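Structure provided below as structure tokens; questions to follow.
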Amino acid sequence: MSSETLLAARGVAKSYGSVLALRSADVTVGHGETHALLGANGAGKSTFVKALTGVITRDAGTVTLDGAPVTLRSPADGYARGIAAVFQDPALIPDLTVRDNLRLTATDASTVEQHLAGLDIRGLDLDERVRDIPLPFLRMIDLARALAHRPRLLILDEITAALPADLSEKVFAVMARQRQEGGSVLFISHRLEEVVEHCDMCTVFRDGGDVARFAPKEGREQRIVASMLGDRLVEEAAEGRRTRTAGRPEVAPRLVVEDLGAGDMLHDVSLDVRPGEVLGLVALEGQGQDTLFDVLAGDQRPRTGEIRVDGEVLTARHPAAAIRKGVVLVPADRSWALLPKRSIRENIALPSRARVSRWGPISRRREDRAVDRAVARLSIDTRAASQARRLSGGNQQKLTIGRWLAEGFGTLLLFDPTRGIDIGTKRQIYDLVREVADSGAAVLMYTSELREIGLVCDRVLVLYRGTVVAELPADAGEEALLHAAHGLHEAEVTTS
Amino acid sequence: MSTAVAPPLPRSQRLRRGLTDRPVIVLGVVFVVFYLVTALLDPSLFTMRGLRSILLLACPLAIFAAGQTLAFLTGGIDLSVTMTANVAAYVAATQSGAGPVQALALALVVGAAAGLVNGVGIGIFRVHPLIMTIGMSSVLLGLVSVGLSSGGFLSGPTVVPAVLETVGGGTLVGPVPLNAVVWAVVSVVLVLGLARTGLGRNIYGVGDNPLACRLSGVKVWQVLIATYVIVGVLAAIAGLLISGSSGSVGPSQTNSFLLPSIAAAVIGGTSILGGAGGYGGTIVGALVLTVLNRLLLTLGVGQAVQQLVYGAIVLALAWVYVAVSGQRSD
Amino acid sequence: SGEGTDDGDGGGGDYVIGVSNTLAGNGWREQMVCSIQAEALASGQVSRVVVLSENAGPTEQVQHLQTLISEGVDAIVVNPSDPEQLNGIIDEATAQGIVVVAVDAAVTSENAYVVTNDQVEWGRVGMEWLAEEVGGSGDILYVRGIEGVQSDTDRHEGVMAALESYPDIELTTVWSNWDYTLAGEIAVQQFSASDYDGVWTTGADYTVVNGIRTAGKDLVPVTGQDSNAFVGQLLDGAPGAVVTNPAVIGAVGTNVALKVLAGEDVEQTTMLTPELWTMADAADRLEEAHEPDRGQDTSAAVEIDYPLEMTREQLYACEGPSGS
Amino acid sequence: MILVRYLQVENFGGFELRALTAGSLMLALLAMAQGVVVLSGGINLAVGALMVLANCFSAWLMEDASLGTSVLVAVLTVAGTALLSGLMGWIVTVSGMPDIVVTLALHFAFVGLALLILGGPGGRANPQLSQLIVGGFSNPWPALLWLTGIYCLIWIPFRRSRAGIATYAIGSDRQAAFLAGIVVKRARVHAYVVSGVFAGLAGLVTTALLGSGSPQESIALGALLGSVAAVVLGGVALSGGRGQLLGPVLAAFVLTLIPAILLSLGVNPNVAVLLEGLIIIGVVMLGGLLELRRRKL
């Protein structure tokens, strides 16, 4: 590892209207260094990356690359200077083929193919439309494209958030090779274990500025969290286990699913969730979990089987039917659930105005109470309250849950509710989920982070190729879960 | 959860931000300046009569633009408002023999029906609003033509109901024409309705993110149908007022209001992409356009220059609005 | 209209006449089309009338004519939307032996017969009357049509000719696009802003009278054409004069076309002279022309100084040779 | 549909074909002018006005001009509309106003400009040039050749170029396109420039077909509505990024044929207007129904 500096950013700042997204950030990355950028939601990491790569113009600050000042006007500019980024949002155009996408960025297709082969992604047709390719593969194509420009600095903004474990490993391999070849990496992730294992240095952001810079070695997680959260209370992660309701069979199940089949993917899924219980669902990418949630939420019609809520059969042609029965969904993508241009209030009150019978005049006082309660319970940052799109990712996510708190429900469907969210917020969400369950709701939660199963769930189902292949206790451990998720359910695991 | 709070802004910036959040103020200023400039050239605007004529003429435009505003808020547009208005006015004029109440009710029903068909096409069959309403416009024109041909359902004597002539052209008090009463009622209903009713919320919601609405249990098609029915009724009201003030009906008599109705909503700051805006701005937008017409008439320039100036000023006003409010569309 | 077979069952003859009109739903134009149908029926020589009528411009009208040629019509009566742009297709039609008659407005093609009202005279007569009426001096609101359109230019020429003898008349020019609603609005604005001694309108007349009332002013003399509603207003005592611009000019065009088809020698241009009707000298004409049961903007001048076959009833029935 | 028409008209021949090809040529070009902007995720409400402007400008300059001069005028016209349209695109990107607003306002302004150039109907086309563009009355080929030529020599190379791909890209997902390094503003302006070229060509065709210029707003409006209808019927998604321009071109032919066919079927022309509207809505509704099966709201 060379000690010489590749990238030196000083005093980078950016504000959107009245909110300072980035106050003043200093980041230094050395040659051959894998550098992590850490910070709670809304700390300004993505904004920093965008300011660095020319997606947005910074309000202040200087950036030097190998000592020479640079101001990039667009990501394309960056390719020429040796900076290539994989952004948090996919930078592939859905209606074009992969090949056209590559032509667009003047990227050599055969180089990308080589990189993809190196990543062990095979059988991908470059003439396929991006719209038809699953998200994890798209992330890998994005990565391969960045690599094809042989960057000196590779920036990865939460690339692993949407990746299953096996693909994440590939990304780490790429990072390692980049380091061997003398290149540097700027890596953003909310998963501390990834950072600890793969990064040489880290800069921690808090409130739009850098607050700490050190080597993120094993055992320093506590320090990382402390600097991320500042003087905010650092609760103990291994919070005391709650009373388990799963062991109380006398409670009748709230949600019962029998032999459910839908689309081309899902078949013969049976499960039940009791009031007060959090049922976890674990699966690799693309095993039919999205279809299952869509069907349960009434967004898609099942082909076979039956869904019963509190004993009554639910046949939904529209999510409204499921919602009337108290079955509500927090979808995978925040943008599916938010009104970006509307206020926090309107977002929270949206479900309660859905029915035609509620189209009449609104009682401000009653609504105020409901909204305030939801905001307080989730401690949503309301400074940018007039438009949901101005909120940071974490606060947006809280909003998607908060709507249902205001409306009330019996069954909560959570699809990966902590994707790309910082530790502090995650904990709030875990607590909330438990709280919701303890107050009598049934919760079904899919998560891509196996660690969460042990923290929140009472038991867990494993979905593989569109069907449930295993039921495990919540404390089965990540290894057992991963095994089952790959379809390797050994007898000793399933019978525990 | 960032806690970064911006330091207090310097005064100039505070002012700017105040304007950013309330662009209607800027528009209001523009209106006043416009009015004064026009009045310098045409001092009659300082008289009661002049003021009255502005209000009188702005009213039907503002009601058309009210419908357009609603359609915009859902992310749509309605190009059939003027044809709907024409048909409604015709119906009222041919039915006036049966008494004013029945004639007016029938006209409003016609407006609602046209809106219903638009709403069904747009909400249920997913036809793009542009196409649906262009098609609707042509269907209505065909209907009128068939109806007007001898023995058709619209042939026969046409008499604009006396109530309409009074409301459309009469005076309430001083410079306030009677039709402004209708306008005031529409304004109150719309402004309150959008902000304080469930339907109003849903109209914004559907324009902002229809998928989120669906997942929250809102039946998007219901909202769209309700919206376009209201747009149709508003169009019918505008058509009736126009036939009242001119004392005439004609199969294309309000067509020249179509583009100005869109322009008024746009100048008023309602996003044509849906989800943001409101009727307050549209009211000022309609007033600005009416004064602009007056200005062009006063300048006595030829039609060519009128068209050029009209286009340029609409563009400039919309630009000022975007610049001040920071509501860029990209 | 437009239906039926070529071997006529309604009339004696078997000519097919095509009609092209680019302003649909306008009362004057509708009556013009009806007069073509009625005259065709009354002549007994026509088996079918094919009407193409929609709101369109010259491009579409060229397609109208192409369609009519393909339909195999014997004569085309066209109300041209442009004096030049149809010449090509008109020449092509006449080359194929089809008689083309332009009614209401002229075309420059030498192959077409042209039947129009004398627009220069129309403008002159009205303005002359108005100038006399206001006592030879005063402010007059001059409501023109569409800038650049031939009939507007012609009428303007007549107006200017009339004003040569009245140097003390001041004109304020506004454009109405021949749009009744717009003309009414303009009247409200202008009369709210200032006082006029009279209004000369190019046809959008009765809404101007309403507009003066809406502005809260006393009525002043207004000239207009023979719109049914305007005639009614004069009968009700509004000061003003009608200068006829009869829509039955369509029937005249049909008559000309049939004569040409029959081999008669017809002048290339037929021009009708407008008449001036006021309550003072032609109250009976106004009385006779007014039809309270018909549309506001239909042309009330039906009896004209040209021998036509059709009757008033046939005109109002608006039926062609092969039934509706 | 051509077949239906063929069966209807007894001696269907060069004349009818020419009526179809020459008549459709203008609408087809307009549809392409609209289509390219729609593909880029926008809409151009000024195509009709640009066409009228090109029509008036060329007819004004071609009056009494020689063939050589007229060709020069033609080139100048197309360059002019391309420039104006590009300027419009530039205003859209710089101002941040929705394109509907900008193009609508400039629709008024362009018609005003046309009226300024040619006080009223007037000007004249060069007869030889007309002959070259739309052919004689029984010669369908020049129009067809021009259309094919324009499609193959302007559109296809453009579509294949990086600028063309960028047009689709910004229509499909503007944010992703930007992150992929496309200079979105420039790509949007390009789309408007190409649109201006097609609109200018449509104006030239009008001049050739009609022999003179006519600065009327109603013509511009009619042309605009026709172009939007053709684009939608031609299967280009109004949301941008998806579709080919061949669809709108074929739709232009269909839209030209519908009135003629309805008339020959003996439909009352007033009813025909109604049916035309219903057909357009119907076809689009059918498309909507198919889409409905895929994803509902």
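Order of writing sets the labels: A, B, C and D. Residues in every chain begin at 1.
The rule is short, and it goes like this: contacts are C-beta pairs under 8 Å (C-beta built on N, C-alpha and C of every residue); 3 or more make two chains touch, one makes a residue touch a chain.
Here's who's who by UniProt: A = Sugar ABC transporter ATP-binding protein; B, D = ABC transporter permease.
These numbers come from a predicted model, not from an experiment.
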**Asked** Which contact partners do chain B and chain D have in common?
**Response** A, C
**Prompt:** Among the chains, which has its CA centre at the largest distance from chain C's?
**Reply:** A
**Message:** Counting C-beta pairs in contact, which chain pair has more, A-D or B-C?
**Reply:** B-C
**Message:** Report the inter-centroid distance (CA atoms only) between chain A and chain D in whole Å.
**Reply:** 45
**Message:** Between chain C and chain D, what distance separates the C-alpha centroids? Give it in angstrom.
**Reply:** 34
**Request:** Round to the nearest whole Å and give the separation of the Cα centres of chain A and chain C.
**Result:** 72
**Request:** Could you list the positions in chain D whose residues touch two or more of the other chains?
**Result:** 115, 119, 215, 268, 270, 272-273
**Item:** Contacts with 2+ other chains: residues of chain C
**Value:** 24, 53, 55, 146-147
**Prompt:** Residue numbers in chain B touching 2 or more other chains?
**Reply:** 141, 145, 149, 211, 213-214, 271, 302-304
**Prompt:** Can you name every chain pair that touches?
**Reply:** A-B, A-D, B-C, B-D, C-D
**Message:** Applying the document's contact rule, which stretches of chain D touch chain C when the two form their complex?
**Reply:** 9-10, 15-16, 19, 23, 26, 115, 118-122, 124, 130, 137, 206, 209-212, 214-216, 218-219, 222-223, 256, 259-260, 263-264, 266-270, 272-273
**Asked** So in the complex, which bits of chain B are touching chain D?
**Response** 77, 121, 125-128, 130-132, 134-139, 141-143, 145-146, 149, 210-211, 213-214, 220-221, 259, 262-263, 266, 271-273, 302-312, 314-315, 318-319, 322-323, 327-330
**Request:** Using the touch rule from the top, collect the residues of chain C that touch chain D in their complex.
**Result:** 1-4, 24, 50-60, 62-63, 66-67, 69-72, 82-89, 92, 146-150, 153
**Fill in**
Contacts from chain D onto chain A in the complex sit at residues 162, 165-166, 168-169, 171-173, 175-183, 241-242
**Interface residues, chain A side, partner chain B - complex** = 15, 17-21, 23, 40-44, 207-209, 297, 299, 318-320, 323-324, 329, 331, 335-342, 346, 349-351, 353-356, 358-362, 364, 379, 381, 383, 386, 392, 394-395, 403, 422, 424-425
